Each structure stands twice: as C-alpha cells, then as structure tokens.
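Chain IDs A, B, C, D, E and F follow the sequence of writing; residue 1 opens each chain.
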Amino acid sequence: MATIKPPSDPEKDQKVKAVFDDIRATRGTDFINNVWRYLAFDPDLLAATWAEVKAVMATPSALEPKVKEMIYAAVSISNSCDYCTHSHLAAARSKGMTEAEFADFLRVVSSAGKTNHLLNGLRIPVDAAFLNEEE
Amino acid sequence: MATIKPPSDPEKDQKVKAVFDDIRATRGTDFINNVWRYLAFDPDLLAATWAEVKAVMATPSALEPKVKEMIYAAVSISNSCDYCTHSHLAAARSKGMTEAEFADFLRVVSSAGKTNHLLNGLRIPVDAAFLNEEE
Amino acid sequence: MATIKPPSDPEKDQKVKAVFDDIRATRGTDFINNVWRYLAFDPDLLAATWAEVKAVMATPSALEPKVKEMIYAAVSISNSCDYCTHSHLAAARSKGMTEAEFADFLRVVSSAGKTNHLLNGLRIPVDAAFLNEEE
Amino acid sequence: MATIKPPSDPEKDQKVKAVFDDIRATRGTDFINNVWRYLAFDPDLLAATWAEVKAVMATPSALEPKVKEMIYAAVSISNSCDYCTHSHLAAARSKGMTEAEFADFLRVVSSAGKTNHLLNGLRIPVDAAFLNEEE
Amino acid sequence: MATIKPPSDPEKDQKVKAVFDDIRATRGTDFINNVWRYLAFDPDLLAATWAEVKAVMATPSALEPKVKEMIYAAVSISNSCDYCTHSHLAAARSKGMTEAEFADFLRVVSSAGKTNHLLNGLRIPVDAAFLNEEE
Amino acid sequence: MATIKPPSDPEKDQKVKAVFDDIRATRGTDFINNVWRYLAFDPDLLAATWAEVKAVMATPSALEPKVKEMIYAAVSISNSCDYCTHSHLAAARSKGMTEAEFADFLRVVSSAGKTNHLLNGLRIPVDAAFLNEEE
C-alpha cells in the first residue's frame, strides 16, 4: 500500500537501531509505529525526521503537549493526511485529551473549515486594525 | 477587492443591527470587523454565520478560548485563508497567546505541514494499534 | 506582482492574435482579461489553455453555463485561487447567477468545507450502499 | 478505521433517536448512512450537524437540489474528502444527475483544478473590471 | 470503491480501443492501468485525458521525463491524490529515478510543505526584488 | 501585512547576525530577503529554518539545484503559498531554469492539478502492479 517497502530487519542498521532506541526511551514503550519502521528504508531521513518530531513534540515548550498534538492534528485533517490524523489524535488522547475536548476540537476545526471557504469565496480585505496590532 | 460590495449603511436593516449589537455586547467593543460588515450584504447569511461563530468560539466549552483560536488559525493557515489567519491570530493574541506560544505554534504547524507531505508521499498504512485504541 | 511579465504588444505575434480574435468572437466583447494577456508570454501555452476553457466552458454541454461556472468557482475557492475565484464568479453572474443564488452557493460551499473537515477528522468508512449504487 | 467508535445501539439515546427519526422522515427511507451512525458518539454534534445539512441541502432554496449536491461534491473532491465525495455524488445521482451531466461535471472540476494550479503559479493580478462589476 | 463502474469489456467500443492501442504503442507494454480502464465509462473523457497526458508527459519537451514525473508527483502529494501519487512515483522510477533521488525528493517536498505552512502563517510580503526580476 | 513585525535592527542580536552572515556567505550576495528579516522576530526559529533550508536546498545532493527548486515551487503552488511560489521560482531561474523549462513546468503542474481532481472525483483503486513494484 505504501510507495516504499520497509526493511524486514531494520535494527541491523546501527543508525536505525539508535533512533529506535531513542524512540523507546523517549516514549517509555517498546511500540515502534509504522512511520518509523517504514522510514528506516533511508536511515538519514529517519534520523532527521525523528530529531525534528522529538524536538518539536516531545520536548517541553511554551504550549502543553496535549494542545500541541491537537494543533498538529488540525493541520493534518486540513491536509487530508490519513496517517497523521490517526497518529496525532491517538497521541492527543494519550496526552490527556478527553472525549468532550475532542468533540469541541471537531466543532472548532469544522467551523474553521466552513468560514475558510466562506472567506476564500468573499475575498474580504483584512482590517487595518488586525495589521496595526502588530505594529 | 472582495467579490461582494458591503452595504454603505448596514444597520438600517433591523436584522443586521441586531447582529451588530450582539457582536458589540459579546465582545465588549464597538469595533465591527470587515467580515461582518461585508456579510451584511445578506442578513440571513450574516445572522447564521455569527450564530455559529458565537456558539463555537465565544461560548465557554471544554477547551479554553486561546487554544480554540490557535486550532482555528492552524486550519486557516493550512487552507491558505488570508482573512481568517489574520483575524484568528489576532483573536488568539487578545485571548492571551504570548509571543513564545506563537513561536511554538508556528513550529508545530510547520512540522505538521512537513510530515503531512512526507506521509502523503509514502502512503504508509495506519497501525492497527491506533485503530484498536478506539475500540 | 505576477511571476511572469506580459508582452507589451502581444498581438504582434500571429498565434496570440488568433487566440485573442477567437476570445473576442466567442464572448462578443473586446475585453481581454489579464489571464490571456499574461499567458501571451508563451503563445503555445496560451492557445492550449484557451482551447480547453473554450471547449469545457463556452461550448453547449449537458450542464447549463451558469451551473458550470458555479462548479468551477467552488473548486477555485477550495484551492484558494484568487484570480480564478474572481473571474469565474464574475462569469457566473454574467451568465445569470442571481444574488439569491450566490448566497445559496456560499451556504453550500461553506457547509461542504465544514463537513469535509469533520469527516477528514473522523475518517468514517464509506457505506457499502454508496459503492453498490455504482454496480 | 475511524478515529471514533460508533455506539452499538445509538437510538437508546433519545436525542439520537430524534435525529434519526427526522433523517428517515426527511429522506423517506429507513437507511441511515455511516456518518450519522458514527456521529451518534456525541449527540449534540450529531444534532447540530444534521440541522445544518438539513437546512442547507434538504430545504428548498434558490438553487435546485441536484446542483447543490454537485457544488458540494466539487468542494469535497478539491479537499480530498473520501466519504463526502462518495455520499454527495450518490446524492446528486439520486436527485437526478445523469451520467452525461456527471461526465460534464468531471470536465469542469478537472479543468478548474488545472487552471487553479496555472494561475496560482503565475500569480496574475485580478482585473479591475472584475472588481468594478461589484460596485 | 470508485464512484463509477468500469465497463466489463471496454475495447468493444472503437474509440476506447483506439486509445488503449495508442497507450500500448506509446508505452511499449500491454499493461493498461486502472485509470484508463475506468475512464472508459466515458470514451470522450478517456480520449481527451489520454491526449493531454500523452502530450504533456510522453512527448519530448524542455524537461527530462524523470523530472516531469517528479514534479507531477509533488503536486499529487500536495493535493493528497492517492492514485496519482502511486502512479507517478512508479512512472518516475521506471524513467530512472534512483532511491537516493527519491529520498532527496521527499526531503524537498516535505521541507516545502513545512515552509509553506510557516509562510502562510506569517503572511510576509513578497520582496520587490523577486518581482523586479520579472521586469 | 504580515502577522508579525520584523525587528528594526535585527543584526543587533548575535544569533541573528550569525544566520545573516551565513546566508550572505552561502549565497554570495548581500541581499537578505524578507522571510529571513521577518523571522528574526524569533532568533531560534530563524536559525532552525535557515539550517533546514540550507541543508536541503543549498547543499549538493542527489538532485540538481534547479530541479529541487522546481519541485519546491510545485508544492508551493499547490498549497497556494504566495511568498514561497515567488521566492522558489526566482531561485529556480537563478539556478538556470530557462523560460522554455518554465513553460514546460507550468504544463506539468497544471495537468497534475487537473488529473488530481479527476482521480479524487473518481476514487479509482490503485493498481496492484504499482504496489507490487515496491516489493
């Protein structure tokens, strides 16, 4: 189904093994999900992708982890990325998103989708007040 | 610049006036931004749009207002909606988003954009584990 | 503002002149809008683009001209194409779209944008009944 | 496959039952398609979504039902929404779209996709004439 | 799974047979992939689509075939077109794209996805220098 | 116009100055385009963004620089990113893209946009042959 084939024994490659070990240590689980197992077809691409996801999503920062996963999922839904939508909604849940928050998230995401289409159809000029706020 | 012309004296229409009054009361300001002034070209569309935005974004719910605005903005950025991006980032700021949170938001949104393209190119199958979590 | 420069005297080129003459004859107006004047930078691309637009949009077919322009505009809004949104909404109006139809169009386009995001977030399986209908 | 699990006996919930009854009455069929059965996981979200779809798509308005479904499907195709594309093309057929109209629809949607990309690449300024028409 | 049903014996239709013969001759293979077999539901749409793909992708032009397939695949990934992503990445491989080039392609496509989201969020004005270059 | 304000004297910040110096050295020009001058509002985001763009686009790799810029621009056009489309088409030109190659690029990008919409409307199953190729 994928456009690449995952290596059958990825951890034979030392660079892949190091990334997988870091995924397990960072997440505190033995489960390596498909994106990493398939990306092992190119160890450099795997290492660069994991380094970025770890830095952005698994390192303490201004926003709390659950909120970051919800923002990530909102972008993934808008771009119709099947894998990313599933994996980041699962991550949001594992980081504390309740079902009530998920329903609220869906209301916000779908209302944004609605007004985005309305405004892209109306092409209304941006208020100077929004622009002034930045100055 | 828009595909419609805003009415020159919108509040002459009683339905429009009622919506504008409710916007002013809900937000505690006299400022009516362009989207509402242009939407007044069709009072029913104006009333329905405001009713939804008020219910979803200006009514207490499971997620906090600032987070809802950031999720809204994330969708708007992905859909390349110029007006919505400006108005909802301004709203996020007015509801407390700090510059550090905005920089973090940009890191998350852009990393999501990156992996969305990577995964849409690789077409990796969704893990059964993500699907099982829902059952 | 464009990524190309329109030729200053495009009709000096015989292939461009032939296309411009056909646009004027087909539309019954002397007005040549910007997309054609800029595309004249490459006469073959101009001719191929006009041939397709004429065949699809300016030739009698199963759907009426006004409806075709509204479908065209719906796609252009979804793809955030500024020029196409303006030009095809103007074309829909010139082919009879009323303001009431435009407001209805906006309701449909924005509700579709809303449920597209809702369903892309929920990833609900397609009913067998929809698939069976095709068989 | 979905990011949520549909309730096994949704009509036990009175709010869900009321929506399902209204869907059956409005459509004159006992068939409840998946989107409603899954949305029953959150009865308020279900009720709000059905209320909007009913008001926009199942209530007489300026545009005829078949045309509204085709516009809805055009947006859904552009946003790569699998479920929405299937359900609204099925609805367009059930409301009278012929195969000749469907082929014409596909020609319009795909030509729009083509020129949207061409124009988003060329970034040609919108003609003043299109803008003047609105004033 | 598709929204149309492919004809069971498409080459009974002379127009379809002529297109299929040309596909086989142009590509030097007996394999007719699904897009053509399904498009045979409308022989005119089939013929027009093949004529364009042949002219653009299978005719010598300024860019080399492998590069054209990679550009085609980049657009298809961005639009989340499952079929097109698979078929044009397969075509790029058959025209010489190496695995190292594919990994490089993925790096470029995903970094573009990243900065597209960053810039669509920041809405930075285009430099006059880029615009001047065109004049 | 932007959602942030660029610092008035960005190189006062040592981290910003180091990035700007590296941009000038890498490109062999004193010109710093807007994206970097605005990103200076957050020196860490600036440094991380430049590091990635330099590694992916300005470092020798499997694909030639001109081709990488064209792939980058193809994604940017599909995502309707105004700034990215201008900057990466300018970069493609500065790295040798001829006007004939640009016209060919536009033909490929727009045909991809066309068939993406056609296939997203038809939802044709991916051929096993494409999938087998990967195994």
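The working rule: contacts are C-beta pairs under 8 Å (C-beta built on N, C-alpha and C of every residue); 3 or more make two chains touch, one makes a residue touch a chain.
None of the values given here were measured: they were computed from a predicted structure.
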Co-neighbours of subunit E and subunit C - touch as defined: A, B, D, F
A-C or A-B - the one linked by more C-beta pairs in contact: A-B
Chain whose average C-alpha position is farthest from subunit A's own: C
Same-site or different-site touching of subunit E by its copy subunit F, using the half cut: same
Option reproducing the contacts of A-E, where over half of them reappear, out of B-E, D-E or E-F: D-E
Euclidean distance of C-alpha centroids - subunit D vs subunit F, Å: 34
Whole-Å gap between the CA centroids of subunit A and subunit F: 21
Whole-Å gap separating subunit B and subunit F, where each centre is the average of the chain's CA atoms: 27
Interface hub residues of subunit A, defined as touching at least two other chains: 1-4, 75, 77-82, 85-86, 89, 103, 106-107, 109, 111-118, 120-123, 126, 131
Contact footprint of subunit B on subunit E as seen in their complex: 73, 77-78, 80, 82, 85-86, 89, 106, 109-118, 120-123
Of subunit D, residues touching subunit C in the complex: 1-4, 31, 33-35, 38-39, 49, 52-53, 56-57, 61-63, 67-68, 70-72, 74-84, 86-88, 90, 93, 98, 100-101, 103-105, 107-109, 111-127, 129-131, 133
Partner subunit F, residues of subunit C touching it in the complex: 3-4, 41-42, 44-45, 48, 75, 79-81
In the complex, subunit F residues that touch subunit C: 80, 85-86, 89, 99, 102-103, 106-107, 117
